[in-house]
Amino acid sequence: MKIRIGAGILVFFALMAIFGPLLIGADPAATSDDGLQGPSAAHWLGTTQTGQDILTQIVYGARISMGVGLLSAVIATLLAVAVGLVGGYFGGAIDETFSVLTNIFLVLPSLPLIIVLAGYLPQRGVASVAVVIAVTGWAWGARVLRAQTLSVRRRDFVEAARASGERPLRIIFFEILPVLLPVIATSFLATVVGAILAEAGLSFLGLADLSTVSWGSMLYFAQNGQALLIGAWWWFLPPGLCIALIGTGLALVNFGIDEIANPRLRTIKVRKART
Amino acid sequence: MSGEIVLEGRNLTKHFTAARGPRGRFGKRPPVRAVEDVSLALRAGTVTALVGESGCGKSTVARLLAQVYPATSGEVLLRGERVRAHRGAAFRDYRRQVQLIFQDPFASLNPFHRVRYHLARPLRIHRHVRSNAHEQELVAELLERVSLTPVTQFMDKMPHELSGGQRQRVAIARALAVRPLALIADEPVSMLDVSIRLGVLRLLERLADESGLALLYITHDIASARYFAEDITVMYAGRLIESGDGESLTQSPAHPYTKLLLASAPDPGRVTPPETTRHGEPPSLIEPPSGCRFHPRCPVALPVCSERVPGRTELGEGRWTHCWQAEETALTR
Amino acid sequence: SSGGSTGKSAAASPPLVIHAVDAGTFQEDFNPYHLENVNFGTSGMIYETLEFFNKLKPGEITPWLALEHQWSGDGKTITFTLRDGVKWTDGQPFTADDVVFSFDLLSKNPELNRSALEIAGTKALAPDKVQITFKSTSYAKLYNIAGNTPIVPKHLWEKQQDPVTFTNPKPVGTGPYKLSKFSAQLYEMEKNPGYWQPGKPEVPTLKFPAYTANAVQTALQQGELDWAGAFVPDIEKIYVQGKPEVNKFFFPPEGVVTLLPNQANPTLAKPEVRQAISLAVDRDKLVRVAERGYTKAAHPTGVPMPGGEAYLPPEYKDAAFKVDVEKAKELLKGVDPAKLSFTLLVPSPFTDWVNAAQLIREDLAKVGIKVDTRGVAFADWVSKVGKGDYDLSIRATPSGPTPYFQLRTMLYGDLALPVGKAATGNYERWKDAETDKLIDAYAATEDQAEQEKTVQALGKIMVEKLPTVPLFYSAAWSQYRTDKYVGWPSEQDPYAMPSPYTSPDAAVVLLHLKPAAK
Amino acid sequence: MNVLEIRELSVDYHSGGGAVHAVADVSLDLRRGEILGLAGESGSGKSTLANAVARLLRPPAAITSGSVVYHRRDGGPVDVLGLDRGALRAFRWKELAVVFQSAMNALNPVSAIGAQIDDVLRVHVPRMSRKERVERTAELLRRVGIGADRRRGYPHELSGGMRQRAAIAIALALNPEIIIMDEPTTALDVVVQREILHEIRALREEYGFAVVFITHDLSLLMEISDRIAIMYAGRVVETGSAKTLHKAPSHPYTLGLLRSFPRLHGPREELLGIPGTPPDLRSPPPGCAFHPRCRFAMDACSERRPELVPGAEGQVACLLNDDTGVRQ
Amino acid sequence: MRFLARRLGFYLLTAWAAVTLNFLIPRLMPGDPVELLVARMRGTVDPAAIDAMRRAFGISDASLWQQYLDYLGNLAHGELGRSITFFPTEVSAVIADALPWTLGLVGVATLISYLAGTSLGVLMAWKRGTWLDGVLPAATFMHAVPYFWVALALVFVFGVTLKWFPVSRAYGLDVVPGFTGEFAASVLYHAALPAVTIVVASMADRILGMRNVMVTTLGEDYVVMAEAKGLTSRRVMWAYAARNAILPNITSFALSLGFVVGGSVLTEIVFSYPGIGSMLLKGVENEDFPLMQGIFLVISLAVLVANFLADLAYVVLDPRTRQEAP
């Protein structure tokens, strides 16, 4: 159920990101003279101060926001898998090094680190922001994966594979990795949420490329244009809601996966029977 | 005594140190003296049982024999040759000849792979297959050997679609796929339901008989060892205590611990219920008792028991024990 | 007047609440040589300069601590005659020694010498006469010398070991105000009763609360501030609120924003391409949409208007930019269309420029020029533009006391460093012997008429050769409320820069204020 | 003299693919002071039955029908399933205590052993003073063979056997009438197991409580129990005294179980085992649930479900044996 | 104790890593703060003065290694250099001014959020199947909402529209800082909205985390046993289930501190709260290396200390860690 609602939300946004721009066509940055209009038939979600159509921006922004989220989550997950699985499987000095590294990145507060790193970024394109977020965001996944790898590598089927002569890398990727897929999926999804939030935060601070339209940069402009003060709720409400909704969708899917793995977590309908 | 010695462990000792092994979250542990000076030989076509209570080091012996990890000291010999390599082709060759079967059939198959994959991988790794058709043929043959018929039906099942007994059979088939000389079964049935244990044990027995495999059957159930093994070796707290052929060992145990074990095992057929006294807990392997490790619980302990480790006393007919009492009787005899 | 602001007059005259610079908190630093974003009012209100230059009326110089100045023939020595009867707020008299000390301080501590004055020597000729010698002809630096160098008391400052890091928590100056209260969120100044302009100032107390860029908007909306210099995204809604008589604002030009065409790019080095770009850009729309109508399209000469009338070449007095797409296309006929593709670099925190870039892109597309706007970090933009690593960019050039300063920054050949080296001006890398000759000529004379003429010639070059493309003026921000005090500078009476963040102009404004009639 | 009467009790687990009838129509009596063994394969519903009696089932489990009646030593019958919260709290532990399968998991890992006994005393015997409680705790621990100084020890500091003893001490705290022991010795090795069994018998002699002893090790039950009930697929298929079952099992399943255990002593009997696999409780086989694995199955077995009927020396549910056993 | 010693060692290592990272990042990245400052000052600084200013700001040309040693040496004396933005104020002074506000705000808000979130999580797990399940979707939503957006929304509703709360600064302009009731009241009043933001935005994680662990814990035998022992629900819920469920949550709570601190940086900016967050942004905007470094260092160290405290709490709460090696 949760998975379904969550996936529904995600599919909606994914479709919006992929096909929305084709349908709408307009340039999200295109300005016009009817600035600061409330929602109307011409502008479903109203306009910004410079007359940009907010719906168009939301649709295009979905691409950037989700793109950054996905890209950095992919990078972070690859890092996490490499560090977590390899360290966890081989143990020894590699593992010690990896886990100290992981723990360091885990304890260092990531948003300030992102802010500091982004502050130095020469090119604040989508890709570089994604990389910065990924670099600071892989540690949690690596830690979880390492712990899981440690337990999985002790399992008999791994021992059995080793006993039957499989090579380490094949064991890691064919025996252990599939078992960890749900864990990887949850950590991936959590990273996506984190990355979208981080991108929004960065843009909001004006530390990302503001000439590309993302939900975060929309919020930045809304804040800069004092949307709050002039009562232009239609300007700052939609981007934030979209971020929260995507996050909710991802979280729902995540909790759904958790519940499949751990059925106890499900919400239950208590039958009024004598128990 | 049938068959030649296939696999032999000589004076195997294993201490787990902190750096390896599962380290607790909270700092280092002192070394665990899990196995001390264990020698064991497996013969072709013979089932040998290794019996002992939980935590006494049975699995560790099994893993040492299978070279899952290296021994702290002592050596493993395969057909009389010392095993040296721990990686590379030579080691893979060793792996091919000695195979393990695990306790928990629910954990020993990867839930993501089909039965076919589990059987085909070892065949491929060890280059037993020539073509896809050949692979199919060999897999079918393996399934038949472990009585999973009709084979076509089982080939494409996922582990979760199998019952515990069926899984254990798949695990056995996988071990057989590499065509080993020796098979080490670590409590292969203790996780299975009583009613289906028998089938798996019979299968193992048959394999030893028919294929001439050397089989080590590890169990804490001495009664089943009596039924399925020709030789029984009893272990206590990391050391061997007594060994001999199944029937005579169970009927006339020499070591006080074996006696205690036999007396404690539930048996409705017993004529008089055994008298029970407190024996205390099994010892810690981190700081094992000095001398004979059983002496704190032993009803007939001698002063020497706490001082020196008893040597092996041959009792004839292939039986021997490590006990100062037995030593004395042997001397006086 | 006795100067004592006691009793009735204090009660009748409320404090003035000022927001000058965005700050979350204040640091206790009243060293006037430190950067001005430290604490506002240090320079002007507490410490004064020798003369006052009205940037809104280029050429208008008011005597201040000095009554007059005299250049030597070669422009290397200047002699000031000081005002008599000026006192430091601790009661000590202001003398030539203080001026000598202040200039020596700068020459000994280059870290404090923000205007990079090349001081060769100082001499107190008499208690009211000071002579300062420079290493080179310095007519053009008069503003920096007389109008932008605060004078500090020798008797207090000479005790300081390290004037560079001295934070001067208890400032003593000659200005109309003295510091009365300091906390991290608020500092206050009160009237200097012994100020040398009798009866002034009429505003007894100044309050400087700390506001961040965000908070100041709310404060303006809620009427907490009497005088502010903030960019307000929607001034009618947020600030004026239907009361234009009370909630007034005045945004005079402060500098000119130009579209920089990097002439290291061979296509942009062609004058017809620059002309075409200029013809295609709809400056009125830029001003209306991106700048929210707060400023005006620039005069084609780049000279800030109004105020710079004297500096306009007569033939272009009434010139104005007009959009002419057809003519632009015509001009581009001979240019390979494949080459007409540029990136337009903008610092992404400057949202109005980001929007302007977007509009420019739309406009240039109409004449077949493809523009790719790229928002980059402020630091990156500074570094890229400085090194000439861009095609097009937008940049503001600040004006000085006369348009010359701005034109020199924009056009002087010596500033055009090779691509790859960080330049401090002339970012478009304009190299023209005639231009350089004119600029040198201005610096070599003291005669204002002569100076005006060279600027006119420079203006002509701007119009005809278009080394860089003027867009619109950058505005000085100032919002002021007339319910407590009147007498603010306005378009009709531009006696000083109206922004509270410009010094020493802000002090001049305060001295003009009178309580509003009840 | 029954202390507990279970009548036609059924428990379902409601989960994704339909209800699991974990306990179906079970009727069982527990006599005062006896040890009743409950045996059966894994998943046959032993624990579910025990938890139902102790009212410890949690969703998705639900009792669908049946009754459980408890007879006080002095008073009238108590409908256990109808007890309200307060009464249930009093019933639990004062009248009925439980020892769980794995003592490591059943003891609160963050609180000392003594505190966990003290907890019970404080709630149920509020008039006891602190000092009395400490004394009682020490006595209970001594009674099960743990030094009183271990009162402050945490579960992880005790060995497996000691933990199990501690769990028994907690169960004894209020002198209950019934103690349900769900596989109390499965995790222990045989030597320790024997000691604990001995202990249980001795305590039973002393206090006179009745025990429901659950295990799947039939030979163990044979030794310790007075009476045994065998469960298969959620139903009781046979009950009888330990001796009878050992000598003359009436149900083919009981026979199969008995002949699955190798014997230590005596001649090497042939082991029979039970072919096939335990049924899926979501859709148990029609008729007698055991018939697909039964070597004596008849056609009727797949059609008619046998009722549990009193036989010669107990009860049995098998069509073969409406009166005679499958003795061989 | 061994455990704590190990953790302490790890934190020292991490602190060193933070310090080094802090040193390296600005030096490996392009950009020149002085040029930037000149550009920002719009003509009030003559470009010819750049060199002298660079010297004043202590920007050095020494070898990287030498700079590193100097940096470590200065750190050891608590010297973080002079801020460029607030020249010549010492970075340590800037931080000393800002830190108390952040510590107070984030500390109190985090404490509230932890206590409330944990309790709610416990209750939700305990009362599964009741109306409390309705909190779950709300928590899921809140879990994904950006801090600053919550802040903006609160500002809009309670600050701008209803005008119930002030929306900027840490205390009223008309109060004099000091140990007076008036000042304290003003501080509390001003902290209300930012604190609510942090609580609201960070509580969801606590609720969800606690609920999950708690639900798992509820299935443990010792909880069933506690119930069987006839204890009151309250006692079972808190002394048995929650007491154990909290343990794994302590670690995750400590690790999430970094996240909360990050979020509060944004919160501070929205509320113009004069804390570390606003300063950090200022530093970043001005490429004020010393300031950024100092603040990042302080934040990192604060999070490290908080983590160490969490470890201590773990040791106190979990008897299994107190075991001395035999």
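Each chain carries a letter (A, B, C, D and E) given by its place in the written order, and its residues are counted from 1.
FYI, contacts are C-beta pairs under 8 Å (C-beta built on N, C-alpha and C of every residue); 3 or more make two chains touch, one makes a residue touch a chain.
Going by UniProt, the chains are A, E = ABC transporter permease; B, D = ABC transporter ATP-binding protein.
Remember, predicted model here, so these are calculated numbers, not experimental data.
Where the contacts of chain A and chain D overlap, which chains show up?
B, E
Which chain lies the greatest distance away from chain D when centres are computed from Cα atoms alone?
Between chain D and every other chain, the largest centroid distance is to C.
Tell me which has more C-beta contacts between its two chains, B-D or A-E.
A-E
Chain A to chain C: how many Å between their CA centres?
Taking the mean C-alpha position of each chain, the two centres sit 45 Å apart.
Chain A to chain B: how many Å between their CA centres?
Chain centroid spacing, chain A to chain B, equals 49 Å.
For chain B and chain C, what's the span in angstrom between their mean Cα positions?
89
Approximately how many whole Å separate the CA-defined centres of chain D and chain E?
53
Give the residues of chain E that touch two or more other chains, as numbers and ranges in rising order.
30-31, 129, 160, 219, 269-270, 285, 287, 320, 323
Would you give the residues of chain D that are in contact with at least 2 other chains, written as numbers and ranges?
Within chain D, the residues that touch at least two other chains are 58-59.
Would you mind listing the residues of chain A that make contact with two or more other chains?
Chain A, residues with two or more chain partners: 119, 121-122, 206-207, 223, 229, 268, 270.
What residues of chain A sit close enough to touch chain C in their complex?
Residues in contact with chain C: 29-31, 33, 35-36, 49-51, 119, 121-124, 206-212, 220-221, 223-226, 229-230.
Would you mind writing out the residues of chain A in touch with chain B in their complex?
Chain A reaches chain B through residues 91-92, 150, 154-157, 159-166, 175, 178-179.
Under the stated contact criterion, what part of chain E meets chain D in this complex?
Touch list, chain E to chain D: 129, 219-222, 224-232, 235, 239-240, 243-244, 247, 317-320, 323.
Could you pull out which chain C residues touch chain A in their complex?
Of all residues in chain C, those touching chain A are 214, 217-218, 221, 232-234, 237-238, 288-290, 292, 346, 348-349, 351, 354-355, 357-359, 362, 373-377, 379-380, 383.
Which part of chain A faces chain E closely enough to touch in the complex?
100, 103-104, 106-122, 140, 193, 197, 200-201, 204-207, 219, 223, 228-229, 231, 233, 236, 240, 243-248, 250-252, 255, 258, 262, 264-265, 267-270
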